[in-house]
Every structure is written in structure tokens, then in C-alpha cells.
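In what follows, chain A forms one complex with chain B and a second complex with chain C.
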Partner chain A sequence: MTDDSGSIRERGSAALDRLVDATAAERITISLASLLFAIIVGAVLVFVSGFVADCADPFIYLPGLGYGCYNPLEVYWTMLTGSFGSMTVIGQTLLQTTLLLFTGLSVAVAFRAGLFNIGTQGQMVLGALATALVVLELAAYVPDNAIGMVIVLSTGVIVGAIVGGFWGMIPGLMKAYANAHEVITTIMLNFVAIGIAFWLVQVHVGDLTTDSVQTETVPAVARFPATISGSRFSVIALIGALLVAAGIYLLYTRTVIGYDLRTSGIQETAAEYGGVNAKRNIVTSMTLSGVLGGIAGAIYVMMVQYRWQAGIPPLGFDGIAVSILAGNNPVGVIPAALLFGSLKTGSVAVDLSLGVPGELVEVLRGLIILFIAMPEFFRMIGKRFGYGNGSVATDGGEAQ
Partner chain B sequence: MSPDERDGRAATGTPSSVHLDGITKRFPGVIANDDVDLEVERGTIHALIGENGAGKTTLMNVLYGLYEPTAGTVRIDGEPQTFEDPGDAMDVGIGMIHQHFMLVDTMTVAENVVLGNEPTKWGGIVTDRARANRETQALADRYGLEVEPTELIEEISVGEQQRVEILKTLYRGADILILDEPTAVLTPQEVESLFDILRELIAEGKTIIFITHKLGEALEVADEISVLRTGELVGTVDAETATREELARMMVGRDVLLEVDKPAASRGDLVLDVEDATVEDDRGVVAADSVSLGVHEGEVVGIAGVDGNGQSELIEAITGLRKLTSGTITFDGRDITTDSRRSRVSAGMAYVAEDRQKRSLVMEYELRRNGLLGRQHLRPFSDGRLIDWGATADYVDDVIEAYDVRPTDPSAKAHSLSGGNQQKFIVGREFERDPSLVIASQPTRGVDIGSIEFIHNRLLELRADGKAVLVVSSKLDEVTQLSDRLAVMYDGDLIAVVDPETVTENELGLLMAGERPEDLDLDGARIRGTPA
Partner chain C sequence: MNAPSLTRRQGLVIGVILFGLLTLGLIIDGGRQLISDVTGVLSVSYLTSAIRLTVPIAFAAMGGIFAEKTGVINIGLEGLLIIGAFGAVASLYALSATPIGANIWLAFVLAILASTFVALLFAIVCIEFKADQIIAGLAVWLIALGFAPFASIIIWSRTSSPSVGTFSTVSIPGLAALPSIGPLFEATPPVFLLALAVPFSWYLLNRTTFGMWIEASGEDPKSLDTAGVDVRKVRYAGVLLSGVYCGIGGAGLALNTGQFVGSGDTMIDGRGWIGLTAYLIGNYNPVGAFLASFLFAGLDALQLQLQQIAGYDVSSTLVEIIPYVAVLVVLTFVGRTRMPSAAGEHYESDE
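Take a look at the complex of A and B:
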């Protein structure tokens, strides 16, 4: 009775059902298995690429194939030591992790509430610029000591949050009151944000003594104190990020506001039935998401770059991947951001010390992210299309 | 190929047209059909009845090629068949008419009928409209289906749209027609004319399988009735000799009270008072026009009407989901016309919404989270800021137990429940909060007989407890049995309030179809002019 196409289709949907219903432990196991697979596939890729490349000291000669340049084990070992091998690189890893925590949480906060904020990048860029300008101004009026630092840093974070929040509120308003889909509007507002920031800095508020598009460098009082020598990483920012993760987790699991926010985003009509102003809550969710994007920008200026400079790395877009990898769970964002952060610093080390081209290292990084994120991604899609426990319509006609 | 040629395969001499042999359909964790045998004779109407989740639709989806059976064979005219998809089923002459019509509103009747198989001219690049109209008309005449081929779908009634669906299926050459709950959206008069059409179709040699859970209809129109329960075939009976009680017992597995036993009302104070309420629909068109209605303590007021005559908008205005254009609403002596939905809920207004999957449940939430919906700001569920999940879990457990919601797992997602269980959960959640007014819109839509009985009894218990109850339903027997006073809405007007004890089904049907009460032979006593 069954033929191939039918059984494949049925097996596919059975697999989706299982994936959607997977427990937390199963999902972690799946992620670890995916990591292993990604490393194996990447190793083969690196190994094979080594025969195409030219190098002075090949590590292997295979008759018929020629000289192989790259040792996959060495590459992965360097990646690991390059992200955790010394205090300095651990500092760099945690620095990236802190930023990715904020951008990942920014995306997750919206996602949890059923909204897809792709505008974290723009919110971060504008938040960063506002922070840079305000702290540059403010630094002149505060004492050059710990008190001054507390004042400047906290003001900087608040300003970044306000501007990022404002930039997130715009697509929220458009979604709630004009029915404009947030995916489209947030993508477009990214371009607008980056364009505005670039223009402002280039023409009006930038450091006009240099040719590059950047502001002046912020003074020491506006820099997060470094925790580890050799790195700009500050544990204060990391602790702040972890507290925010915990706060968002509690918001969505324990509070009435979180319940209302989430219900409004997931099913607006049901939220109205539940006595909630769904439109206002959609705006709030997007604003909150923007606030976190803006804080990421503030931290970037005050902990990493010490100025606003054109070409801010795509941390906001990485945040989308972090959030998806975490299943949009604010606590899950913590390990996801750590993985991303370590891959980022680790690949820099591979690039620098082994002479493996940066592009190939990017591929290895991409493979790991892809392999780990795919099961979560299929899970989300499966959920969207109604797979999972009991959603099989045994009586579809009447389920209405 | 003309429709007549398609019909050519009709007579092959074998007596049984559809033969399902040992059909089993298993989904992960669920057996939807368990070794079901079904035989349908050519030229007969076969009703398939059963509760929600009994496996009726799954069985028909197997026959229609949407699902592949796990075991068993489908034979059509004696030939074993394997269907990859509905297209294959269509090729051997099986057509299905779904509960929700699949018609293009802005196209004409004929265009919809020929859609996908259009007759063309000029070498196949242009639809031959004249021929489409002609063929549609010929097909309609042959089977006695009254339609006007050139009318637009959006301009014709629901009953006519259903006839277009039937024509569409016939045009594609169907010999075996499967109708899924075809009467759900029709007035009694339209139901009658649908039955006439079905009789005409079998006289022409077609075979009809009719899915329903209305026993009366199955008995009236079918030749044979098969009953499914929890995926198994309980039996097939001759409609001539079967009784409602017997069928209900087969469906539910125990004796069922079909008539509601209703003690006399003891009417108290006016709880809800709607005066001259005018409400617009989403497009800004007046949906309910100057409607006045009152509901007292200890009284059930029913609103009857075909779907889409303003009932939904009126109810949404009362419950605070829609703004009034003019008029006032008073609840427990307080003017609540401009109050928010939230303050109406806090004041004791329970509401079972018509569209449960859109309004009353968040489909992605577990039952536990859904138990909170609407009361998340109130004690004991929260202190206004933090949710008390313990108190919520207790409440949800009570509702699940008292209302027999299955599965009994409070962490099951709402979308994984069958429609009937979703409804029981909502009804329980809303009724158990000690409301002073209960508004129930289509309270038993898509709910099986056993649960209908239960929900009706709960509504009457609320009435006995002195609550005010407002019930909107397009099921006539439901509103007439439950109500103490019955209002009929047509085209935004509340055209009459009648005594459900004395009004006949025929009179109600005519009122629902827009007949003015004064034109009917209703005696004065039965029309209670102004309500309240």
C-alpha cells in the first residue's frame, strides 16, 4: 500500500512531530550531537581544502593527492585555545559574549512575544551613537574618579536604552496601528538608522580632524573598567547582561505584564478577549526589544570601541542566530551567546596563527552555527505548521 | 470532455460503489480509525455519524485520498484503489464538499464551477465563458440545482454557494459525493432544499456520503446510517427502522437525554439592559441596528438567527470587544457603555466566544496558561503583578476534572485538544468564576452529543442559581430548548421576541429568513414586542 514518496512524507512528518515534542534534555543532546557533526564535516572540509592550497610546510603528503596544508585537529585545537587558552583570550571571548547576550536577548524578548525584531542592529547603532555623544559631552562635567565613572557609565547606558527603545517603538507602532509587518519595517529601519548615524557623524558631530567616519574617543571616565589585563572586557557589563537575562526570564514566567505582552504578540484577538490592550502591548514588546539593542550599542561604545565608528560589526544580526539557537529562551541565550562569542575569538586565532584563510574559518564557524541552529529552526517551523503532540487532526472537519 | 461524457462511467453493474475494507489509520500515538469496514451502495445516501474525534473525517480523508491508510483497502466499484492525493480520488469519481466553501467570491457561479477545467476557445488561450455558462446551466437543470450562472458568488446566499460547490464537484465528474457537515450553515428551509437536491442526485445514480452529528438529519435523508465511536465502527443501521435514542446510544455508548429538562424560571432583577445599541462591523457597515434587549436574573434569553445577521457584533459590543456607535449598555444597574473589556470581566461577565480558536483560547498556550486568560489581573490568580501559578493550577485542575476535559494534562497545548474538549475547557473556565452574567455564543458548536448535554445542563444550573444567561446559537433546537425568551435577529434587526414553548420550527425558520413577524400567522401573545 505504501510507496516511497508516501512513506518519506510520513516519516518526515513523524520526525517533525518528535522534534517539536522533544524535551529540554533531548534538545541539549541534539545540540551536542549537532556540534560533533559540524566538527566532523568541517574537519573533512579543512582537510580537503588543504590539498588545493599552497604552503611552505605541508603537514601531510598523500600519494596521488599531493601535499595537504591544513591539519584539522590543529585547526580545532587552535580554535579552542584561541578562545579559552589564556586569560587574555578568555577576556575577549567574554567581551563578545556580553555583547551577544544583549543583542540575543533583544531578539528573544520580541520573539517570546511572537514578534520578529530584525532591527536590533539599527537600534544598536543608534543607541551607540547617542551614548557616545552624550558621554563625550558629560565627561567634561564630572570628577575624574569612581563616582564620575558611575555617573557617566549609567547615563550612557540609559541614553543608549532610550534611543534604542525609541527606534524599536517605531516598528511596534506601525505593526499595532497600521498592520505593517515588523519583519519588513525593522529590516528597512536598519538601513535608515545606519544611514542617519553615518550622515550625522560624517557631517555634524564626528571628529572632523580625521578622514574616517568616527566620533572623538571617550575619556577614561566613560570606559568600563577592564577586568582582565590585555582585554577591554569588564565583568560589570557581563553581570548586567546576566541579570537582564534572569529578569526577562522572570518577566515571562512569573509576571502579569509578561503574560499580557506575550499573549498580545502571539494572538492579538485572544489578548483582547482577555481584557488586554493588545496594540499597546505590541508596541511595548518592540520597545523593550529596542531598549536591549540600544544597551548593546552603549556597551559597545563604552567597553569595546571607546568611540562610535562607522562599520559597527553585525552583532545585532548575530543576535538573531543566538536567539534562535537558544530556542528564544532568555536563559538559553546565555550558553548560545558563549558559544558564538568563543567561536568569534577562536576563529581570529586560527586566522592569525595557522594561516588558514579567514574565509575558510568563517565556513567552519558557519557550519557549527548552522548544524546547531537547524534542529531548533525546524522545530520552530514544525510548530508553526501544527506538528507535535496530538495536533494531528483526527477530526479536522469539526475542530473548526 | 463534456460533463455528460464524464458521467459515462456511472453504470458498471456492481451493487456497491464504495467499499472500505478493514481501514486502519494510525497517527503517532493515536489510532484514528481502527479496522473500519464500510459499504455504500450505488445510488444511496449513507450518513456517517459520530462524536468529535470518532474518526469520521479521517475515514473520509482516506477515501478522498488525503491520507494513506495504515492498513486496509479502498475499493471503488469493486476495483482496489491507491490514492496518492485527492486528484487521484477525483479521477475515479470521488468528490468532497467541505464544510467551508472554497469559492472565489469575485467570480461568477459558472467561472467557479469550471475553475481548473475551463472550456477554452481560440486555441486554448481564452476561457469560453458562453460555453461555461451553458454547461453550468445544463448541469444545474439536470440535477435540479437552482443557480444563476452569471451571478457573482459574493452576491448569492450561503445555500446557493453550497449548490455551486456541489455543481463544481459534479462538473469534475464526481460519482461519489462526500459532504462534510453540509447543514451547519443553512437555515431550516435551505436544509430542506439541500435534501431535495441530494434525493435528486441519487435518483440520477450518484452515491452520497453525508457526515453529520445531527441525528434528525441522518434519519430524515439517509438510507443507511453508520456510527463511528473512538475510531471503530459501532454498526450500520437502516434509517427506516432506527430511532434517535438508539443512534445516540451507539454514538455516546450510554443513554443520552435528548430533551432538556427545564424547570420553570424564577425571574429576578434586570442584570443586563441593552438599549438602542447600534454596532458597526469591521468594514464600518451597520451590523446591529438599534437593538434593545434585557436579561434578568434566573433567566435564559436566546438569540436565534443565521450566522452573520449581526449577532456576533452585538455580543462583542456587550462583552466590550467592540465599540457601540450609539445606545447604552447597563450591567447590574451601572452604565458600562464605555467600560473596558477588563472592567466588564472584573464586574462578573463571563463570555464563551463564538470563535474559540481566535478569541477564547491562545492556541499555543498550555491549558494552565489558558486558564488564566481574562483573569490574569484578578485574585486569586495574581496580585496584579505576579502570577500565582499554584492557585492557577488548582483552578485549572478543577475545571479539567469537573468538565471532563481530555487530555487531563494541564500542560497540554490548547491546539492539541479536539474542538469539543477546547469548548468544555472554556465553558468550565468561564462558568466556574461565579459570574453574574453568562454570555455564551454558539456554546456547543462542534461539540459532541455527550458534551452538549453537559453544557446545556450547566447553563440551566446557572439559571437555577439566579444568574442571567444570554445564549446565541444558530442551532434552533438549542435556543428553543434552553431559552425562556427567544429573540430572532435578521439583517441587524432584532425582529421579534417569541415564546420558545409555542413557536414552531417553521415559523422560526421564516423569521430567520427575514419574514416580518406581522406577516406570519403568529398570534399576538407569542410576539412579545419590546423585550426587557
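Take a look at the complex of A and C:
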């Protein structure tokens, strides 16, 4: 009974290996191609939905089909101007980018170790709640000035990191010592985390004077100072996120610890032979992943929402897309997070000015993940158009 | 052969659930009074509502078994349920504008086709393009989670549909007239479909050649190939079956309430994931998966009834996380679920 599970891990890791170890050029090509295909499929979806939707001035008439409301090119153009067109929206884009950097890095850190952490969302939600509660308490005891702000903000981030890390450690322990598949456990822990947080806030620690499930609003001393007017974005948080990305890159490329973390998840047996405590390293990787998810939650409370409120956006799931798009490379996460940050911000403009539902971004997110999951698809296309190389034959990919 | 571990698992699940209920009893005021009210709530009407809530979970669970037994792990069950539910309501809404009229059975079939079509795409992605099944399954869920509210806004200008009509209750002549247990035989068609699907699925898996192929495709595809059976086709069949089952489950849920709700996690609200936990706890046995689904749905119904009848302020949130906690406990302490040994692997025929 136990032997099977062991071999499943090896096999699952082989699949992850392919994703992680593809050459950089290949990875970037696949990411860009996936992005392109997702945009094309999204454009078709938008175009077709235009014929179902009602609107005052349609942009096209097709005989037999009727009036089409949405012009895909206009949608994507609006998305671009809506995310970079003014200082305010640039602020919003960078705000989303900052959060996505943390959730994307959270997923990437686990992926690097051959572990698929779908639980970033739950780690973020609990980290955010812990941060909100602690800074609400702490703010009363610190001076209302820059020193007080430094104390509160750094404490808030640390608390979020600890709680997120704890919640990430649980699936790590389950994986290392009970061989429970981390994909299943992290999904389940998301629901548990969100349920517990909701219940705590609704019944015990929330602002009981309102009907909405939320905590009280944190005071100014617990808010990241806004950099751009009209947006809550703070460049301090962004710089922090970039430093963390660089730090993780160095950890994995320049240190022995990083090397051990990576091999422990992917080649547990080999790592053990090499005298590494692979089980402990699996727990460490998942904890580190949770820490980053928790920090995302802390930043969310102290820079975006200024309180914990039920229905935190699915930044953890966006993080999966960011990490996969980046080839799980901590440096690649930076442009990927910027891309998703602009998609999320731009979708607001698309919704407001063109009436195309903002959920479009969620569809695009799913499509990007789907296309990246099938590199073979692009190899087949490449082969058909004569760009194939020798590796296609050994992969046995035969166009059907 | 799975019998001993099945019983142990289910024993444990019951233990976890009882523990959860006990905790609830301590958390809310008047816990002792609650215990007696719980027994008062357990009636035939409770059972019927529990069975109704079982429909989407159990269908998703059985669908998941078929896919995974052939070797394709389908964690997109939640997404397929969403497509089924949305497809049913959207079809019924669209049909009412055509000369055909709002034919609920036609809408039901269209919803199943929609879900099966998405499952087919998933199968192509996994089998032809050798995608990572976990990531592709996740993508199916995320796409459905975005697409259903997107399309709802396009059609109805908001994330939820208006009421479109529901399945009417069917009663089995004779049995429905029985004293006290009669109401159990008055239900909507999806409930009866579930009653048929559980033994059918068990029979299909355990007593037919096709069932043997499914087993072999997930356990030892090489031998199956050697025996002259096309592993690819068997895997396609398994994934398509999961699409059909999820279509029935999702459409059954939506056509019971007569409305599609697309806000938040949509009206499916994690039932696909609970289905996944149900078949893990039921150890890939359709009957076990059904029992686990019924237990989880029964808990949900219990919480609803307690609030309605006894006027308790039971935290629905805490009741809702019990299935997830249960599966975590099972995976961690009872031992590994025995996955088909070739699940998640691509199979390359030598020919």
C-alpha cells in the first residue's frame, strides 16, 4: 500500500521536473505562446458573447447572427490604457503587482521543491486576519508617527508571515510524514482556513456593529503610506516584494540550503543518500511558501483593504498562474506578476467603459494555466510548421 | 477486497463527524438541548432533503472515480459541476424563447452535453497533449469559475439568473403511498437517477469487461495494451463518463432550485471538492463514495433543519468545513488512499 504512494511521488515529480527543467528559452517561448493563445481564445469568447449581450451601439452586424456588441481589439486596448493610462491606474496596477509578487513567489518556492501548493489562498486569508487583529491592538500602544508606523507595519508583516507559515507547515508535515498528497491537502486547507476565518470574524473578533463580516478598520499608523495619489499603492511594499524575489533567487542559485530544498522535494531518496534530511526540507519549503502567502495577506490588510473582510480576492489562485507563467523562476515572477496586475486593473476599465464583465480576467487566467500545462501542444504545432527539433521525436508526440 | 479498509475509513469518518458535532454542541449555547433536538429533526423529511443534497456530491464523486481509475486524475470536477449547473439554467432560459418551449428534460440533456464537451477537451489536453493532469484539472475549475459568472452577466446582466423552472416531483406509484416512509419515494428525477447510478456504477466497475479495462488502464496499462485494448480509448471513456456524471450532478442541483447563482464560489460552492474527498474516503468504490457523500450532505441538511425548525444559531460555516477536516484526518492518520498505480502518467503505446 505504501510503495505505490512513493512511486506516485516520483512520477508526479517527473512531471514537475519537465516543467522546471525545460531550458530557459523553451520556457519563455512556451509562456509567451500560452499567453498569445489565451488572448486569442479570450478574444473569440468576447466577440461571440457580444452577439448575446444587449447594447446601445453595436460595433458590427453579421447577417444571420445579428449585432455584435464587443470589439475584442477595443477590449484589449482598453485593458492596456486602463492599467497604464494614468498615474492612478498605474498605482492600482503596481498595487496588484505587489500582492501577486508575494503569492506568485509563494507558489514558485513550493514548485521549485517539486511541491504544488494550491493553499496560498488559505495561508493568505489567515495571515491577513492575524495581521488585522494584531495591528488593531498594537496601534493603541505606539506613537502616531513614523516610528510607530515602522513598528506596526513590520510587526504586521511578521505576524502574517508566522500565521501563513504555520498554515503552510501543516500540509508540509502531512506530506513529509504521512505522505498525504499536498495538492489535495492544500485545497482542503483553503476551505478550512476560509471557514475558520469567517466564523472567527463573524462571531468573535469582528466588528459586530455591522452586518458585513469584517474587522474594524485599522488606523493610519497601520497603513502603508500611499505613494501615488488616488491609489493606496505604496512603493515601500513593492520594493520589499522585489527584494524578496531577489533573495529567493539567490537562495536557490547560490546557497547549499536552496539546493537541498530543491532536491528534497524532487528526489527525496537521492537527497537522503546525500545526507540531507529530506522530510524536514519538505516541511521547510511548504512553510516558506506559507510565509510568503501570509505576507501577501498582511500587505493586503495594511495597503489595500485596511481591514479584514470576507471575500478576499483570489490572489492565491492568481499566484498559481503567475508562478506557472514565470516557469517557477523567482525572477520570472516579476514580469508575470506585472502582467497579471495589469490584467486585473485593466479589467475594471473594460467592465466600466465597455460593459464586458471583469470575470474575463479569470477566464484568461485559467486559459493561460491550461496552455502552459501542455507544452506538447506547442511542440506539435512547431513541428507541423517545420520548426521541430530532434526532441519531438523522442517525446513520441505524434500529431493526430 | 477493499471492504476492510472501507469500513475502517467510514468508521473514522463517522467518528470525526460526531466529534465535530460534539464540538458544535460545546460552542453554541444550550448544547445539551441541541442533542435532543437533533434526534427530533431526524425524520423522513430530513432524509429526503439530505438525499437531495447528496445528488451533486455523489455524482461528482462517482465521475471522479471513473476518470481516475482509468489513469486520468480529474480534479476539475468542481468546474464540470459548474458547467452542468450553468448549462442547465442557460439552456432552459434559451429554450423558453424558442418554439420548443422550456422543456426541462431537453435542458437537462444539453447541460450534460456541455459538461461532457468540457470533459472531452480536458481529455484531449491530457491524453493527446500530455498535459500535467493536476494543473489542467485546476485550469478547468478556474476557467469554469470565471466563465459561468461571465456568461451570466452577458445573458442576464448579473451573476445570477432569474428563476427558470424546476423539475417537478415524481412519485413511485404504490411505494409513495406507504405510511411514514412514503415521502422517500416522492422526489425529483435526479434523485431517482442517483439511486440507479450508484448500483450501475458499481456493477460497471466490478462485474463487466469494460470495468476490467478501466481498472487495467489505471493499474497496468502495458498489459491492457498487450491484450489488444486501446488504452487511449479507455481513458477517453473514463474522462467522458466523469463529464456525464458531473453534468447530471450540476444540472440536477440547478434544476432543483430553478436558478443559477454565480457569485462567490457559484452555487456549486465546493461540492465538487467534497465529491473528491468523498471518493477518496470511499476508496474509489462507488458505494463507499455515495455513503461518504450522503454523510456530508446529511450534515449540511442537519444544520439547515436545525436552523429552520429548532431555531438554532448553528454556525453553518463550521458545519461546512467538517468534510474537509474529515478528509484531512483520513489522509493523514488512516493511511494513504490507494491510488491507481498509473494515475497521472501518460501512456505511450509502442506501436
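One rule holds in what follows: the second predicted complex is superposed on the first by the 293 of 400 C-alpha atoms of A that agree within 3 Å, B and C clash if a C-alpha of one lies under 4 Å from a C-alpha of the other, contacts with A are read in each partner's own complex, and residues count from 1 in each chain.
Please note the rule applied: a residue touches a chain if its C-beta (ideal position, glycine included) is under 8 Å from a C-beta of that chain, and two chains touch if they have at least 3 such contacts.
What you see is a predicted model, and the numbers here were worked out from it, not measured in a lab.
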- Touching A:T255 in the superposition: chain B (first), chain C (second), both, neither? first
- Message: Contacts for A:G274 in the overlay, against chain B (first) and chain C (second): which applies, first, second, both or neither?
- Response: first
- Could you look at A:E137 and tell me whether it touches chain B, chain C, both or neither (first, second, both, neither)? neither
- Query: Touching A:E26, do we find chain B (first), chain C (second), both, or neither?
  - Reply: neither
- Winner by number of chain A residues touched, once chain B and chain C are compared: C
- Note on the structure: chain A residues contacting chain B in one complex and chain C in the other 1-2, 5, 395-397, 400
- chain A to chain C touching residues, read off their complex: 1-2, 4-5, 7-8, 11-12, 15-16, 19, 45, 49, 52-53, 116, 118, 174, 178-181, 183-185, 187-189, 191-192, 195-196, 198-199, 202-203, 311, 317, 320-321, 324, 357, 359-367, 369-370, 372-374, 376-377, 380, 395-397, 400
- Query: Where on chain A is chain B touching in the complex?
  - Reply: 1-3, 5-6, 10, 14, 17-18, 254-257, 259-260, 263, 266-267, 269-276, 383, 386, 388-400
- Task: State the interface residues of chain B toward chain A in the complex, per the touch definition above.
- Result: 27-30, 32, 52-58, 60-61, 68-69, 71, 73, 82, 84, 98-99, 180-181, 211, 213, 231, 320-321, 340-342, 344-346, 351, 353, 355-365, 369, 372-374, 376-377, 382, 384-387, 389, 407, 412-413, 415-420, 445-446
- Message: Which residues of chain C touch chain A once you look at their complex with the stated criterion?
- Response: 75, 125, 128-132, 134-136, 138-147, 149-151, 153-155, 264, 270, 273, 276-277, 280, 315, 317-318, 320-321, 324-325, 327-328, 331-333, 335-336, 338-339, 341, 343-345, 348
